[in-house]
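The first chain written gets the first letter, and so on, giving A, B, C, D, E and F; residue counts start at 1 in each chain.
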């Protein structure tokens, strides 16, 4: 039977002595495609920040999230999930990127990711700026067709163009629809708020997304939110794209386009836990910009968000495996 | 017809390339009194911090709020207001101040502001410490008589004297009543909390203000709060004075006298949006102390608060203009 | 009649000019045992951080909390308590500690504290890391027998061992039970959340504590919480141990083991104010790590938490003294 | 006679009250080509950082240098130059840039700059990352032919390619030679130090530059250095390109590629003052990355370097004008 | 025989456990005039920053210097002086100041200081902004007549007026001459550099000071510098006024008016050690602005400068006492 | 022939995309004793900070130095050494440590290191606080007998005891002599400065060390310094122990016991390069405390110091290997 990858033990050697920082103290397996063990989840750093309109710095997001994540312990009492026991996970290092060349970056990244999706590995992308999602969606669609998206963000990222270019970190969810790699009618955008360009009012809805702005979300219970997402998405292959600026800047100051007046991190965790066992095929957590962080609170928030998303994947995965083996989990 | 001032476009040139930082990328018009275009709102920096009792630094508040405000976009989906289309606004630079000479500063500031109020321009003052409000009230009262005040703050600022002086950033709303430039009986103080000097308990109420402490406010819906303010103020000329320490220090750490245990920024925005179309004649946002900020979250909070207050002014202004022209807005 | 110790007056000389930073501008009385005046509360710094598993820095907690606390004023409008009038308090400087020698530190600290408890003085310990509580419990138990504990924390601190040692900042509330210095059956643990080691699930309950995790607490009103604590503790001698990481890292970033997704500081104050007049014999506020703080917001939060806890002591103390003297308070 | 542009007076209104931050409190003239007054120097912000290999953040360099530069006073006692009296200078706002699209940025920037050089205006470019120099050289060469360069930097920036691309912030001074827009044989590179890629050893010299590494420079007196530069450059049109990482990171931490072990800022000023009256046609000061700065010391260093470079231009300019008018200066 | 005040021992209890931060762990004696022991030096905090033209924050200078100074040990191997054995020193807390009222502050401060000078106690003033020196000079002159000054600073502080006022942190050494409280002809100004207002060129020399600008100082050996000072000052009563911006901002970023291109801290210490046994009657170290500091390096620099200045006082004092008692020291 | 370990290539994938941060992008080989390739140098993190007397935080030193070191390129033009071609190096992760238990840490660390020395591998220890050197010396002496030490530091670390304990970060170089694991007569201490405890004056010399204080070193040329060290040490097995506080706090603020008035980083590099081809058996770089760093300048300084020390090892190693194979290098 193939190896199940696990984090380094933090009880015999303190977590501060776990060596180079991999995500959650997981083994570093540079090429998941040729690894000997089974791999359910491969964590991939995507250190980009060229295509951002306001503050840069997200290129150090992967480094910072990895460093913070050594604090994560295996068990989540809130959901009852022990993610590292259910899922075999590795840190696969960083994807190839080309600073200053956004379209080239997207191309190389897509080629890097496509085989992972094909192999059934769920990549957890650590951004980097949100524009990477363009490559993520294209790579998924190669194998899976147009994907469903659950998109947490303060901004819809559905602008058309910007100073004459079509791709930057505010246009992907329009481009994805145009290119046919995302299916807006089975997708949800959550958390939008703040001032917008007049051209941008209601443009997500016009594209076909179910847009749950923060003003609407705050009045939904987590359970109602979860139901709405599950009804929308069904059992289609889905990716969850989590822009850290979904959370209020008090909780996540280290980001490129802070939007005042958002959810607390606790509200955020509650909404994530309510997602339930979707057919998760891809995850990303983006826009963590460490130069603007302090005390690493944004990186810790991102690492906990990733942990909770992995917990949802584990729930599904545990259930699926139980079904396959005929055992109760 | 006279010119309508607008922000620089951020769609053809990114906002990070909008040049020297004016508030919201507005044109810099040094002397609004002699400008050719119509001016509804003039943004004025008031870089003071001499008269503060604890942490200084607010003298760089105007610079920091201007820098953060370049992120503001024109349209507010939460209120449906496009503030820059309704209001013709300029950045009028900074008022004259004299560090270390509080009373001289008040005098020069009053003389600087009075003609603006007289001309019907609404100054949006960017502080600077809160003591500047003394000059603001005096200047307004020259033309308008005793003004009504809606005062958001963690502190009532109604102390009598302090180490032998009568004017500093904790006495203005007592002095204003004594001098007859503010009418407490049509004014509201909102958000007071935290420990106080024994002499200071209930002194705002004793002066005649309607004081809605944070412990009381938290149990009011925004709508109920808005009604209470509108009933109190009516259609009298009113100024809104917003001390950034109204918001909890987690959301606004960059301030001089942080008061633990306050509203989130989202709660704050909800209360502001509930104010409704008062007869706004003056606005200030004060006590932003950048040396204590991080990732500019306080400056961003201040710039969004200013944006929402301007939205309220625009609501009123749009309505008034519609009434004048007989058109529906 | 013996002297009643009071803070320096901040009305004649500004608080920024109150000299070396003692807690709340109180007199510095190096040896409370030989002081001439009556002492109800002695503030003691315990500058340790050796025995922490993640981030160090708490050794500067006492310095930072003292500095922030000069902003505290005497009266608490939320509870109606004027703590400095009811309680005679001093700053007793720092306890002896030995960096790098955790067990030696515990020993010296216990010997330092025991006579204070015996004399009926309530020490307010400013940490320093949470492991100091081991000495605190042992010292109290010498005189009072097994104590009741109200323990606010994101973590239960009931691990068994850790890389082969039995004492560090995550094991004390297990060790205390084993040593018989704490009575778990009349004690409460509040606020636990976040990922845990699999061995650690439900171990607090297994030891006999009433554990109110954050997910449960958030659904309790402050009043219901207060009742539950009072029913559990009754009138037994009790210590309140407050780990600053109880509060969400957005509000208290300056701490060693931040746990994303916790209470706001306002929620925290409401729960503390609901405790009511227990038979307080000891207080600590720990894990403030200033190198990770910004704008001193964590230190301010800690100083306000201390202020509110002292207010609860004052409530009890006022009542007790009234009972003794037959007067109404 | 045409207007001579001057900074706002800081004696009648304190410099902190000089309004939106323009470079050195100069007038903001958006289009120098159509201005009424004479313009010797136009300060232009170039807020880029896409094409950097390590730390980003330089896009906020122009904002930060402008803010720091309000402290500059007019007279330089070390050189006897009153730069604002000799030169008529304006702040021309920011150049058009396109984040994430390096080659597009270079194109737009070149088109923006070329007319300025043609008109005989000396642009002082505030970076932004160093890759902008590619557009600067191309724009100058359009009108002036291959330019001479005096290049202060810790790095030679003469790499060939990097992860498959030819343009980023480490290749410009090779590309410039290849494109024929820079003449290496009349150019000097100064200050190189630190570890290099094996391919990069001595490549500047191989291209034809006079390379004065830091280990060599430190043994030159400022006078000897100045002579060597003047002999090399002669009276050809020259640009000075100053990468802030020339200075040691202790003095200039806010930069993208810090190189330990460099000159102090005082040594730097001495070398700049020794340049003498070259035929200056272009200036840039680049790689100021404010997110990594503290207390703005890097921005202040950059603003003083700019001030000293302008002083050298003024020396030449004063002399030239004196020659034209037949007067002694 | 009267008590000799000494610092707390840091060998039996670590310095981090020395309790509230007094300067150098010295005893806090609130009123030196009524103390029982002999007092040679009284450390006095002067927490002002109202009268500054650029960055505020120096009001927390005394707190920060005290905190850093707990690291100072008693013996100085470079000079062979054990300052705490030679001098009996206390921390006398803070002087009365009135934020926002510069002239009132000067008045109260002068009255506070005058009796100390009269009693022969040497006050070591911890600033606070430099304007406090006006009160210091006036208070000294009351008893001693016009004093000699050794003034270390990047700026001469001899401006005439500024936005219409005569007293702020840039005019004192002109005002002092005009008022006859300082004798410029036996005084020295050291370290001036950077850009100046045209009115300000050579104005120190015109007033009669010996001005040794940084460009001149750097070419003097410490010994030559010391001789020049001693010849100028002779044995007249002298105060040393040390503005921390004398040192380069890389070494002392936490200050109000940073001036790029100055001495290192090592050069600074060498110059101080060369002063020799002058007839010291007053010392100040000013313009430490903690909000702009990092890692407390400015506060540490200030505390070491104070330590070295005290060492010079001790040299003189030891010699004097030896002369009085006929003993060799 | 056995594998030669090399860093990841930064020319095909940018260094920011090199994945989890290992020292200098080297391969992570967890157990160098069982590795297949030849290992000349093993980089080992030692994340301790329990036994420090002032500021903690050094436990994150290894993480921060690794992160900064990804900027290091292979070739050193100043010495002509290509360290990664000469030496086969790996990152061996972190050593076992026990926070709060200094003696237990020393024991486990000694056992971890001893086999490496025995195998002829040179460990480069990344601290962590300096007390780890006790284990380093003991482990080396097991195999090599009393070692020679070249010790760069602002402090001699030869105190006897401290608050009753014999081992902390200020006593190792006395303990080492007492235990016979270090030979002071062939060892050198370099860079001592600052105030000291009276018991500590000249105690290094009394123990037999050649102590070159900073005041003496500054007058030595690098060459003279190198000669003196080589004459003292000869060809005996030597360890170089580099405390980052050797460098002035302006260049290395992120450290536990900053000592004002030390060498620049450039002076430091020159002294290291002058060491020459000693018989290096062990290296450490310690006391990097990231919470007090800014812009990672201390970590960059440490990583460059490590790089230069490795260069010296490579010089020797290259020469030795050439001698063995009879080839010229």
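Criterion: a residue touches a chain if its C-beta (ideal position, glycine included) is under 8 Å from a C-beta of that chain, and two chains touch if they have at least 3 such contacts.
Listed by chain with UniProt protein names: A, B, C, D, E, F = Agmatinase.
Everything quoted here is computed from the prediction, not taken from an experiment.
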item	value
For subunit E, the least number of touch steps when starting out from subunit A	2
Chains touching both subunit A and subunit C	B, F
Those chains which touch subunit D and also touch subunit B	A, E
Chain pair equivalent in interface to A-C, over half of contacts matched, among D-E, A-D or B-D	D-E
Fitting subunit D to subunit E on CA atoms, where both chains share a sequence, rotation angle to nearest 5 degrees	120
Between subunit C and subunit E, centroid-to-centroid distance (C-alpha), Å	40
Contacts with 2+ other chains: residues of subunit C	13-14, 16, 53, 59-60, 96, 98-99, 163-164, 248, 250, 264, 292, 294
Chain-level touch network, classified as line, ring, star, complete or other	other
Pairs of chains, among all present, that meet the touch criterion	A-B, A-C, A-D, A-F, B-C, B-D, B-E, C-E, C-F, D-E, D-F, E-F
Complex contact set, residues of subunit B against subunit E	49-53, 55-57, 59-60, 96, 98-102, 104, 131, 163-165, 167-168, 291-292
Partner subunit A, residues of subunit F touching it in the complex	13-14, 16-22, 28, 30, 45, 47, 59-60, 63, 66-67, 91, 93-99
Touching residues on subunit F, where the partner in the complex is subunit E	53-54, 162-164, 193-201, 213-215, 218, 248-250, 253-254, 257-258, 260-264, 292-294
Subunit A residues within the subunit C interface of the complex	10-16, 71-78, 82, 248, 250-251, 264-266, 268-269, 294-297, 300-301, 304, 307
